[in-house]
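Common to both upcoming complexes is subunit A, partnered first by subunit B, then by subunit C.
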Partner chain A sequence: MKTVILTVLMILISAGLWSETADEILRRIDDNLYSDSQIISSRMVIEGRRGSREIATRTWSHGSSDSFTEYLSPPREAGTKMLKLGDKLWIYDKNSDRTIQMSGHLLRQSVNGSDLSYEDFMEENIYQDRYTAVIEGEETLLDRTCWVLKLIAKEAGTTYYQRKLWVAKDIYMPLKEELYGESGTLLKRVEFSDIRKVKDRWYPYEIFYKDILNTKGKGTTLKIDSIDLDAEIPECVFSKASLRK
Partner chain B sequence: MIWKLAWRNLLGGGVRTWLNVFILSLVLVTIIGFHGMYTGWQKDGENGIINWHIAAGQYWQQDFDPYDSFSFEKSWQKMPENVPDADAVEFLVCQGVIYPRGRMKNITIKGVEEEQSLLELPTEILSYEPDRYKLMLGHRTAAKLKLQEGDRLMLRWRDSSGSFDATSFEVVKIFISNVSSIDQGQVWLGITQLRQMLGIKESVNYFSVRQQIAGLGEQWQFKSQDFLLSEFRALISAKIAGGMFMYALLTFLAMIAVFDTQVLALFKRRKEVGMMMAIGMNRKQIIRIFTLEGFLSGVLSVLLAAVWGTPLLLKFQEQGLHMPDYMDSYGVDGIIDALYPQYTVGLVIFTVLIVLLIMLIVSYIPVRSISQLLPVDALLGRMTVKVKRKKQYS
Partner chain C sequence: MFDFILKGILRDRSRSLLPIILIATGVLVTSLYYSFIRGYERIAIDSSARFDTGHVKVMTRAYAEEADQRPYDLCLLGAEELLVELQANYPDLNWYERIQFGGLVDVPDEQGETIVQGESAAMAVDLSAGSDELKLLNLKAALREGRLPQEPDEVVLSTGLFKKLGIKLGSDLSLITATMYGGMAVGNFRVTGVAEFGIPVLDRGMLLLDISDARRLLDMEDGVGEILGIYKDNEYNWDKAQAIADAFTAGHADPADEFSAVMLPLHKQGDMGSMLVWMRGAIFIIIGFFVFIMGLVLWNLGLINGIRRYGEMGLRLAIGESAGHIYGSLVLEALLIGLLGSIIGTSGGVAFGYWLQNHPFDMSHYLTNATVMMSPDISADVNWFSYVIGFIPGFLATLMGAGFAGLAVFKRNTASLFKELEN
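After this line comes the complex of A and B, so read on.
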């Protein structure tokens, strides 16, 4: 009888430890990826059936809710601006000199034909606030030992109900992520690479997105040219007035 | 006597008369044929819309606007309780994305009550089966997406709280309907299935009813058949207005032919006119004879049109006017592959009367100059009129 009780206790303790560890991993990932503010210059490479296209942007972010993006190239897109404030998104088109608020079905459209939808942009990106994690096991990926984490949304309304993360043990950085719907259907796959040390944290300089349902597309790669973490950004950047500047 | 004389003169015209009569009959048959086509299109379209979608009318949730996808989610509301099940068909609408052959396409997802007998939509096939995701498409959408019954289609949606989900659906039915507004850009699911996917219970955006129901409150606005058909009727009216130009052109050409014939007849038969005057006929009687000749040619054309036009138009009605394949994709209600004309008695009578009236006027105008003709000049074959003669004497 003692043996049974001890075994049960051991299982409960170990399960508790695992759970605590999984939450700790999520916290460490957020510490790496999330900063109070950041300015990123990046290029989005969209692989289509007729070759690839590259769009250069500069993004100012404040927390996980506010961001301002300006398209720098190609010339046709240059000057287009995108402002996200909480759950609202506006796009300024310089050709028509008009600002459009994106909502409803417009948010489901892909961004410039990429594998990302505007809804993906709208997503809050702090894992530990939104998900409960469980360690499912360990795997080796890109020569690094990784935890395989299964994330389940804490609340209804989270864009992706389930996620699966492959997190490098040594740097607490996800190397691969799979996004699932509530029914368990795999919707998107994200791969993180070219991980570099920025200040006191690790950051991926290349992120590959693939919309699994869109089998015709070949994926979209976000290449970061420069990143300034915890940069000081004036509040006026995150206002509708800055769209027309 | 005048009738007899006019009839005899008309038949005496020979080929010229029959040519005119044939042209007139051609105009008559063309106008009736074309107008019948529009009438048939309108009736088929209206019957289709009523039988497949709107029944005796619809109740829309007050915020629902079928042309504004932003309104779909905010107009989900619980079905009113005092609506008898047998008298209404429930509809739930949301936006989604489909991936036909791996491509991404925005689409409207419509959930429809599975067990209903009010509409012709084959909804029974969408009856809820756990773990079987069933979907129905109109034949236009199916053709566009190159889908067939039995194929599978990936559908992605967001539930009522905003989470993405997707699953593979089986195309269980491709229905053929002449109502494009229930076909293009949309897929049909059982309402039970859709409610489960969205995580909402008993909600609808609108419902079609067997008859108007009192006391549903301000949140449900009744849309009558007239309101729901108004757009389609406006389209047909615009088409008819366009057709009117062609009718006017054809009638004008026929008028020219008759007018010309009358002028020529008057010139060739000026001695005859003089003779009539000499034997004591007054000018009014002579004008009446010539006008009657024109009018009778109209009557003859109606008879001729009846002889050759009736079997032709009936055959046309039976077989329909087959449309090219691309017409189906234009998304016009009332047409599947052919247009089936419908001729009403009113349409035929109206067209005949219009043609006869025009013939009467066109026959009268050129022969008015007879009233100014001098009998002696007429007998001598001259077309001198009174006014000129008076000037000559003075």
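After this line comes the complex of A and C, so read on.
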């Protein structure tokens, strides 16, 4: 009798674990990845057809929608700045001393020949605000058991209407992501690795992007050199005036 | 005999007028059609060679595979050395460096804020004083306002782009594009002129700049998108172009290096080959069609003529003229009709062809959204073949028609001739 009760209890406990809803998982992912402010120093390694290029940047972020990025190297790119305020994006080009607001088809252009577009930069960071999710199953990835989530955009016109996420169950961290268009075409693949604990969060120090439609490119790797979560950032950083400074 | 038949043709118009009109019309249309297609082909080759393909074009293998997208990131490096080599090895051709790329034109106000933006197709060529490009692109004639760039960072806009942006000569603009490595590139330029090439695809949104400015903007030091070769006599020879392209590619292409240089002749670029094959095929299809139709109608006319002249043939047979002699006279008669019709038709076709050659008609209305690099002024090109292409088929069709119809003479029963004549 005891055995039966224990078995039933085990089943109920398992069912309880399984019953963690997709929305709850999304919330946990957002809680892990999202911070009120952060300063990130990173290098973008672009594997192009003519070889590899590395671009160093420093990014200040505030909330989920404002960010300011300064290019540090190579020399031709150094001094270029990018400001995102809500759904607007400006780029300051030091060579021409012009500030250009990116709009229309410019947003779909590749950033520095990488596998990322300016639209990718424009995306809001918080999943749960933009997507509804369902759990499709479980898979093992990088020796971690993962939920496989299917995300559908709440609003039409979202850059990536569908996403498929492999989320490590133990740390609520996506390890892989596939981004789809509204037609169901796979557009990009993202892989998260070198996951480290930063304060009380888990953070990927290496993110690999592959634009599936760019068949000749070999992908782009974003390598985080340092991250300062919940950093104090003056409000004036997120203003157009800071572009020319 | 000849005089007798000629008089018969001229005096009995019911015997000759309709066949002559028919032959003349067919020959005229054939000759004119040939001249028109030749003119169309010449303009297509000329426009394409000057603005797009050259008679031959040198580029990297990777660039050639995606040439319609102008992938300047896959450009040739070491352009200066390659250009010297081309000039030395192929002295029959002039060589022109080009960089073609897309960009967004952004017009700022005094504070640097965007007033208006427009997409442009930028073409970078050598605009230095004395450059052959000025002549090749007929730039001075194409200029509608202002002047060509003389200083660094000056550009000429096409009429369509200039109008769309609503700016004035002397206005400053920024050209936003990407370097050959994919980095963002923004260049400031001053508009010095407005040009119209008469090619809709260019006139809609072209921005013309000097190639040294483009190299600086695109981070393409000693790089070039494509090198165009154009025969000095401006005559495109399919086989010659193919031969030098094959020889060059064999000497340069490296299967392991997608950035090794290849040379493609005009007819191997884009849809040019299939277009030229179609044009040449169309000439022979239309000639075959006319020969067939004319032969059929003339045979039919010959048969009707045979019925109408049934009595005449019977009488001639009855008085002892041999069927072979009558057949010979009918064929000779047809030969003269064919000759007259073909002379009239060829004269008309060639005359109209020459008129069209000197008075091109404007097809720009039909090419508003065209993406082909082609002048909309379509004219004819009359050459020696325009004289014979209609003449010979017209002549042959008449002979064939009369030859088949005249065979009926041999089927007449001599024994019943007088009985027939009594009726």
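Please note the rule applied: the second predicted complex is superposed on the first by the 225 of 245 C-alpha atoms of A that agree within 3 Å, B and C clash if a C-alpha of one lies under 4 Å from a C-alpha of the other, contacts with A are read in each partner's own complex, and residues count from 1 in each chain.
Operating definition for what follows: contacts are C-beta pairs under 8 Å (C-beta built on N, C-alpha and C of every residue); 3 or more make two chains touch, one makes a residue touch a chain.
Everything quoted here is computed from the prediction, not taken from an experiment.
Putting subunit B and subunit C on the same copy of subunit A, do they fit or clash?
After superposition on subunit A, which the two structures share, subunit B runs into subunit C.
Does the superposition put A:46 against subunit B (first), subunit C (second), both, or neither?
So A:46 only meets subunit C here.
Please indicate which partner A:142 is in contact with in the superposed arrangement: first for subunit B, second for subunit C, both, or neither.
neither
Using the touch definition from the top, say if A:109 reaches subunit B (first), subunit C (second), both or neither.
both
Does the superposition put A:99 against subunit B (first), subunit C (second), both, or neither?
Only subunit C is touched by A:99; subunit B is not.
Just checking: does A:161 make contact with subunit B only, subunit C only, both, or neither of them? Give me first, second, both or neither.
first
After superposition on the shared chain, which partner residues are touched by A:211: those of subunit B (first), subunit C (second), both, or neither?
Touch status of A:211: first partner only.
Superposing on chain A puts subunit B and subunit C in one frame; which of 5-13, 23-31 or 329-337 is the clashing stretch?
It is 329-337.
Take the contacts of subunit A with subunit B and those with subunit C, and give the residues found in both.
Of subunit A, residues 103-105, 109-110 contact subunit B in one complex and subunit C in the other.
Quick one: which bits of subunit C touch subunit A in the complex? Just the residue numbers, please.
Subunit C reaches subunit A through residues 62, 73-74, 104, 106, 108, 112-114, 117, 119, 174, 176, 178-179, 181-188, 219, 258-259.
Using the touch definition up top, name the residues of subunit B that touch subunit A in the complex.
69-70, 72-73, 95, 97, 99, 101-104, 106, 154, 156, 158-159, 161-168, 199
Can you list the residues on subunit A that touch subunit B in the complex?
Its residues touching subunit B are 103-105, 108-110, 119, 153, 155-161, 179, 181-183, 185, 187, 211, 213-217.
Could you pull out which subunit A residues touch subunit C in their complex?
46, 48-50, 53, 55, 76-77, 80, 91, 93, 95-101, 103-106, 109-114
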